[in-house]
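The same chain A turns up in both complexes below, where it pairs with chain B and then with chain C.
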Partner chain A sequence: MPVIPSPARVTQQSHTGGVGTSAPRPDGTLKVTGEFAYSSDLWHEDMLWGHTLRSPHAHARITGVDVAEALALPGVHAVLTHDDLPAATHYGLEIEDQPVLARDVVRYQGEPVALVAADHPETARRAAARIRVDYEELPVVHDEASATAPGAPVLHPGRTDRHAAHVAHPNIVHRQPVLRGDADAAAATADIVVVTGTYDVGMQDQAFLGPESGLAVPDDDGGVDLYIATQWLHVDQRQLAPVLGLPPEKVRLTLAGVGGAFGAREDLSMQAHACLLALRTGRPVKIVYNRHESFFGHVHRHPATLTYEHGATRDGRLVFVRARIVLDGGAYASSSPAVVGNAASLGVGPYEVPHVDVEALALYTNNPPCGAMRGFGAVQACFAYESQMDKLADALGLDPVELRRRNAVSQGSTMPTGQVIDAPAPVAELLRLVRERPLPPERAWETTDPATGARTVDVRALPGGLSNAGHGEGVVRGVGYAVGIKNVGFSEGFDDYSTARVRVEAVGGEPVATVHTAMAEVGQGGVTVHAQIARTELGVTRVTILPADTSVGSAGSTSASRQTYMTGGAVKHTCEAVRAEVLRLGAERFGWGERHTLRLADGKVVTAEGEVMAALVDVLGGEAVDLELEFRHRPTQPFDLTTGQGFGHVQYAFCAHRAVVEVDTELGLVKVVELAAAQDVGRAVNPAAVVGQIHGGATQGLGLAVLEEIQVGPDGRIRNPSFTDYLIPTILDTPAMPVDVLELADEHAPYGLRGVGEAPTLTATPAVVAAIRRATGRALHRVPVRPEHLVG
Partner chain B sequence: MRLNLTVNGHPRTADDIWPGESLLYVLRERLGLPGSKNACEQGECGSCTVRLDGDLVCSCLVAAGQAEGAEVTTVEGLAPEGEDGAPRLSALQRAFLDAGAVQCGFCTPGLLMAADELLAREPRPADADIREALSGNLCRCTGYEKIIDAVRLASARTADGAAVGQGVTPDAPAPEGR
Partner chain C sequence: MDFLRPADWREALAAKAAHPDAVPLAGGTDLMVELNFDLRRPARLLDLSRVGELADVDTAGEGDTVVLGARVPYRDIVERLRSPLPALALAAHTVGSPQIRARGSVGGNLGTASPAGDAHPALLAAGARVEAASVRGSRLIPIDDFFTGPKRNVLADDELIRAVHVDAARGPQQFAKVGTRNAMVIAVCAFSLALHPHTRTVRTGIGSAAPTPVRARAAEEFLDGVLDEGGHWDHGRPVPPSAAARFAQLAASACAPIDDVRGSADYRRHAVAVLARRTLHWTWSAYPAPQGAASCA
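For the complex of A and B:
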């Protein structure tokens, strides 16, 4: 029975552009015609709709569940609770602490308690409302003080995970110190200028537009096929198989169209629920969250409190940094341990600091679970250390860019973890690029008629914009800078491999390459890059990209800015092996002998001098060369649990931003006028896509600076789970964003490339806030900045 | 209940509709037209934007019954048919691709509908007009810069005499941003 419509049945072809060109997206035409099938678009004959009943309480004991009334509703086919789970009852990315369905306790508002499958989504919702769950509310743990107070309720008693032994309290998921030199002794030295600050970062939502959704189709073999929007098919499969009580080969996943991700699709959402309902009913089951449910259905960016102390010599050389970073991980671990590792190891930023004493930790609380979001622990730290650098510049009477330049890391610098940066690190150059860009004209929204002297104002360009809040009376301008450092790839010793299968054959007298990976295309353009790499390495024009699924080896996660490096690297690596095999075939067929300088170009085998040896189709004849290979980056090491020392990161990425803002000081409203970026990308494999990543990442950072926060009360309840009350930047909030791209090759990486997507998200936030401080003279230690922080 | 309406020029009928269903649900789940997207179903994101008797609406906020007898245009109706009967991209759709305005693409149908309506009433919009016209459509991937580029590009190409739907070479450079 076909799944209609599904990208699983669409072969994407593309004809133009190798590495270094802005090749068009192979899925572009489908996306502008409305034909591209996202996970929420899937349809199957006889399919049922699933719905999830969630806890209204942040912490409560479940004393009874009665599903009889729900089951009695016409159109309902199944109701499942914890007692119906067939096998493993918990799952998790790093620690298996999250119940598939809650049993006797719920630990956050929105935790799944029961599932319904019905013949109409409204019927499923109404049935869920008829499930009676009796709760006995428990005290809520909502911050560090309440989580670690004497007698605090322990949210996960009896922990046996790998962090349990080294944390001071069972409500701390993981703690990572990073120690270099002797910060305490350095702080006691005379003639040091010291600045301190405590900074807060609100809880940000990824707010991808395509809601959590998918379609599970039971198979006659007892297994299930899941069509799903995710970031990593194989990690979903790894978590699903034990929950379903099936061997992994009977849990087959195919990537459906993904409407953005930004970290929120790293954890399971509805995957297990849809599969459980499908296996129970024997019918295909589709689940689609609406926006309200989506706010409860995925993890968010960790809110954080960061306390920093920076010391420098009078001429502006950093001597020491002491910092404490407390991240709220919410009710379940998700990827909190890795977020802690990032925050700690990147906690002082892209600066040379001889004496460092940093600790980062994540808490278990009854707040919404937090995990991956673009920037992953480095965002929170960057807001704090860049705010500190501005404060230090003020204390020293130095220009903030000059202070950064004097302390910037470069190739050969040593990070606080002891890791030497062994690739270009052009931090000072990036700062120079954004600083030297001409500033946008002031008060561009104001014109005066030279004849009459009449003043006209285009309110659309003012703080407050179309709401006609003001006419520019109290508007002042500020300019702010920030630079940041982000790791690329999975760190701390993780075996972060990817896999690609590449086939080349003659079709209709033309050589055609086929690339098959399990990489999740979430919008970033990985599929474009794979086709470009195949063209460059194999000298073909026609490339077919097969749909991503679990019939090919793991590609790892579309996270950590890693996919062009890792799955792009796997495609390159496999193409090289395919090419070697093609040349071996040619040598056999045409008797070239041992020629090591042959390459493939324009569908031909050519010598280094360009002499044509044979057409590729003649070398292949009726044969196909078809290989599947894995690719690994160089190994990393875990951070030492007491010193934080270790070769922990694969690669570093750097971005600088300059923000220009105008602030209406009477109304507390901010307009970002321009957000200029400079970033080193090693090699721009697809220049247009690189700029698209920098724009998109910067806009999410702008959102965190002035708009975006999931507001959670002390009762653990979310106050604003809608796009009416959780504000992401609109086109009116987003300024012109000129971009300078540097291409300084990292010799360790394929084509010298560097992961792009996350670094700009780090730096946009502190640059915007620095500009607001400069405009208003206010200290501002919290993001997002709200109107009440700017007036009164 | 039964619903009769015209979608993209074709008369359509949907049966057994629950009166609480939205026009968006009917298009997506009953008429096989999932191009209009369901990103918020609260009228905040614009992903479900269609034309209802010519007016831009969020189809998630239109009760199915309100569309009885109406003419609806969705993203699936934007591409004009070529001489061979196969759909060809409109200048605006082509410009979205050429300018790099599409990443995940979930907002794209709604943005195309809104930008198409803008260009129909104002073929040479200023940047501020583009921003105002698209302010009801959220995009989470692009930061909007390339979307503005795309609307400028479509405007320039159509105003320069290229017919709507005329093929444009894919590698034509987008105009410089400011």
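For the complex of A and C:
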């Protein structure tokens, strides 16, 4: 196979490196030295290059398509439009509303209209430019008012999806209320302090560094092999097979090197397109988006408008919360329904509130489609409810941390959905940890020579950084706090499971474990963790991780902070079954009888007292024990459509942040000086990776607070589709991030662990904004905060 | 696309004369981005990487003038020319990332002539001259006359930029920029100020706040008058706050900014005023004798 081999095939030979150790990542050095093979590096002799022609309009009728000139270009092997699709014409994660190629209408700028395969990427681009598409522009629906106005264009007429019946307008994808107690009656009671606010969250991009790319290789059996950077191989396969008109077993996927995901690879991008071109031409087809195309090629985080009303007693006990959360889902549903479920059910935050009236909904508009991004509906809500908690603290004359502490949930608390939190929920403790940490020194950017009195400043440590915008003039410090709650795993009754195949055998006189899953390693460190689990459970040192592909059962998505819990759990579960089988073989071979206290350690079967019964290789002889098993978390329930009640979430994760910022109050420039976190992770399976996740999540949250926004005009067009103007934090924007990790076991989870990756993304944003409010005295209802919001 | 690779300056000028549509390529930090994103498809590229003299810095020439070769990278300006060209060195340090600073050059900045080019305000404040050449001969263009519109300059089709002539600083100079990120950011606006004690004048440069880089001439004239009348060049005492505020206000009124994804017009005017006031304070604090002048990393 002349395809670059998957970098996931790694043998990890470190002798220590079980659960609880900071085993090094097998892909770490390769990535740092630039040797890691990403999906954009895939190569096949004889391959063609695919290119996508996209709509320049946010909403238009297609009145004609002429591909003749494109086909006539030498080097072009195929041009495909909607009319060439062989089977199913639409796909989608939750609702199959997205055309593989637009037929008569385009609903967002950048929607795919036609495909070209050519022998050179430049030829493919030139050919695409020769396709003539006639458009008749249509009115653009771009916000709640325009989407639900009388006579508004209905973007998806004739909906039959499972949400269509319960929404008030066909341009609403899904609406979820959550009702508990009687918020209206509570609001009418006397002697309640009430604060209200409306908050806006801009459209954030996942900004992964490896653009969408993959290679489709047609097979002699009529099927296709797709090498792809994705988050969930089997959900891609499930969507691709009907589009290609093939049975699933003929659509085989192998994970290629993934350069980040953060939710943006949950939906299909170029997968179907590359496969269609490969099957049409009989040649391998590679598609790689460039950075500009990538901004149009994946979903973004839902922008949101959130209206909140909090009421509390004078001594700071929350009495009621009323909220309305409007999420802009853009042109297609993607995962909007699940995002709505999260925003609604987590909408009041990690607080005990007796009376709740929350509704969340997602709109269909002609803006870019929005879907999964780290934090998934909980990010938007957290910015609003934490802004409200600060506002309430001000109104009550209470310290903001003290107000949070008084209302914090703990184990045994009931969520607004009626779900009782049946695992540790140390919210007050997390707040205490970040509060009690010493503050970083003031004016660290300034030094004075004791001899001469000469003052020097280090601009790198000042707002504005290298731009030399200031030397300390008007710099004011602020400190802000936030705490948040995020669900782990797929919720609302979804049958969420992972599969692992584990084999143990003697190789060269040494026991070796091989772990095979379809888990997408997107940088989260799952391949490291799987080897750690196999070492711990099987007592071996040599573990081989096979490339992820669809020849083994589904591992579910690398999202929702779920993979260490779920596929890690599957590896553990299968290792336990393999171990039981090894011990049974041993009992058979050595006649040690039914002994339940035996375990595997250091390549041997040992008793609880440490007595060695046999070497593992002698137990195995020439045989291998090889099992493939599924693992499920405990079942959840859908939320009731009118009350939002239900045991909807598998597990909750909690993180608290304290942000220290310095603001140049004359220019409105912000320097985040420190972002201290405290998070409960249940069990740190790999402590270094846990801290890395908390750092990464916090940095992405900081980006939303002060930098990152896809700016979309009222015409539905993206105004900054480049890393020149979509700004993500550099190292000078990224502060010191001390972390306190708590390990309070969740008895329902493997090793007691708790998903880590998303909770810190929630809290960094409101903590940074709270600190900016403290520094500037400004109300700040919108993120990202821009310099012009802070001056004038 | 033809790729022309002249071996020396004479060949480069001949090639540009033969192919006036050829686009010069030096560091490629502007041009390659445009090519990669298919924003521009010139028929010919003129690669200047083999023309060695464009990478020369001549500080021994006429008087105290630095002759900066067109493709001397920003990194070298930061590392080697901080003393004779303080404003330009500060500006160079704000350009992109270390990788970009290792390739990008002032010649390229001038060729692109973007209103956001980081070098321009510093060149305006210093009073630089652009040495343009063609097979017809060479000329020195005062920087004030160089920019003619957004991404347009005064160069003829057959001309190439050989060097920039900048007088070594005889007084304090500053450059300050506003960007929404703390590094690797295009200017929302920028301001540069140079004191020229030998002529008892000041010069300014504004970036990203008008269709071209511009000087704040009214602000300069006002400040020249204040400094002269108050005897500041002699006694070195600070400029009165009211005069500094007026200077800042006049700098802001020299702007003709737009609203765009990077910032609003109002914010740009406001920020230019703040930068004008600050750079005046910084430069004047360093005059006449540098006494622990605020240094920049």
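The working rule: the second predicted complex is superposed on the first by the 773 of 792 C-alpha atoms of A that agree within 3 Å, B and C clash if a C-alpha of one lies under 4 Å from a C-alpha of the other, contacts with A are read in each partner's own complex, and residues count from 1 in each chain.
Quick note on the criterion: a residue touches a chain if its C-beta (ideal position, glycine included) is under 8 Å from a C-beta of that chain, and two chains touch if they have at least 3 such contacts.
Owing to the predicted nature of the structure, the values given are computational and were not obtained by experimental measurement.
Colleague: Contact-wise, after the overlay, does A:F208 reach chain B, chain C, both or neither (first, second, both, neither)?
Modeller: First partner only, chain B.
Colleague: When the two structures are overlaid on chain A, which partner does A:G792 contact: first (chain B), second (chain C), both, or neither?
Modeller: Once the two structures are laid over each other on A, A:G792 reaches chain C alone.
Colleague: Quick check on the superposed pair: does A:T724 touch chain B, chain C, both, or neither? Answer first, second, both or neither.
Modeller: both
Colleague: For A:T452, decide between first (touching chain B), second (touching chain C), both and neither.
Modeller: second
Colleague: In the overlaid three-chain picture, which partner chain does A:E111 touch, first (chain B) or second (chain C), both, or neither?
Modeller: Touch partners of A:E111: none, neither chain B nor chain C.
Colleague: For A:F36, select first, second, both or neither according to whether it touches chain B, chain C, the two together, or no partner.
Modeller: first
Colleague: State whether A:L466 touches chain B only (first), chain C only (second), both chains, or neither.
Modeller: both
Colleague: Based on the superposed arrangement, let me know which partner A:D267 touches: chain B (first), chain C (second), both, or neither?
Modeller: Neither partner.
Colleague: Looking at A:D357 after the superposition, I want to know if it touches chain B, chain C, both of them or none. Which is it: first, second, both, neither?
Modeller: In the superposed model, A:D357 contacts neither chain B nor chain C.
Colleague: Is it chain B or chain C that touches the larger share of residues in chain A?
Modeller: B
Colleague: Please identify the positions on chain A that touch both chain B and chain C, taking each partner from its own complex.
Modeller: Correct list for chain A: 290-292, 458, 460, 466, 722, 724, 729-732.
Colleague: For chain A, which residues are in contact with chain C within the complex?
Modeller: Residues 125, 290-292, 449, 452-460, 463-471, 473, 666-669, 671, 706-707, 711, 719-720, 722, 724-725, 727, 729-733, 786-788, 791-792 of chain A touch chain C in their complex.
Colleague: Any idea which chain B residues touch chain A in the complex?
Modeller: 18, 20-21, 28-29, 32-42, 44-45, 47, 74-76, 78-79, 87, 89, 93-94, 96-98, 100, 102-109, 112, 128, 130-132, 134-148, 170-171, 177-178
Colleague: Would you pull the chain C residues touching chain A in the complex into a rising list?
Modeller: Within the complex, chain C touches chain A at residues 36-38, 90, 93-94, 174-188, 261-264, 266-267, 270-271, 274-275, 278, 282, 291-292, 294-297.
Colleague: Which residues, counting only chain A, touch chain B once they are in their complex?
Modeller: Within the complex, chain A contacts chain B at residues 5, 16-17, 22, 24-25, 27-29, 31-38, 40-41, 43, 120, 122, 206-211, 257-262, 288, 290-292, 458, 460-461, 466, 522-525, 688-689, 691-692, 695-696, 698-700, 722-724, 728-732, 734, 736-738.
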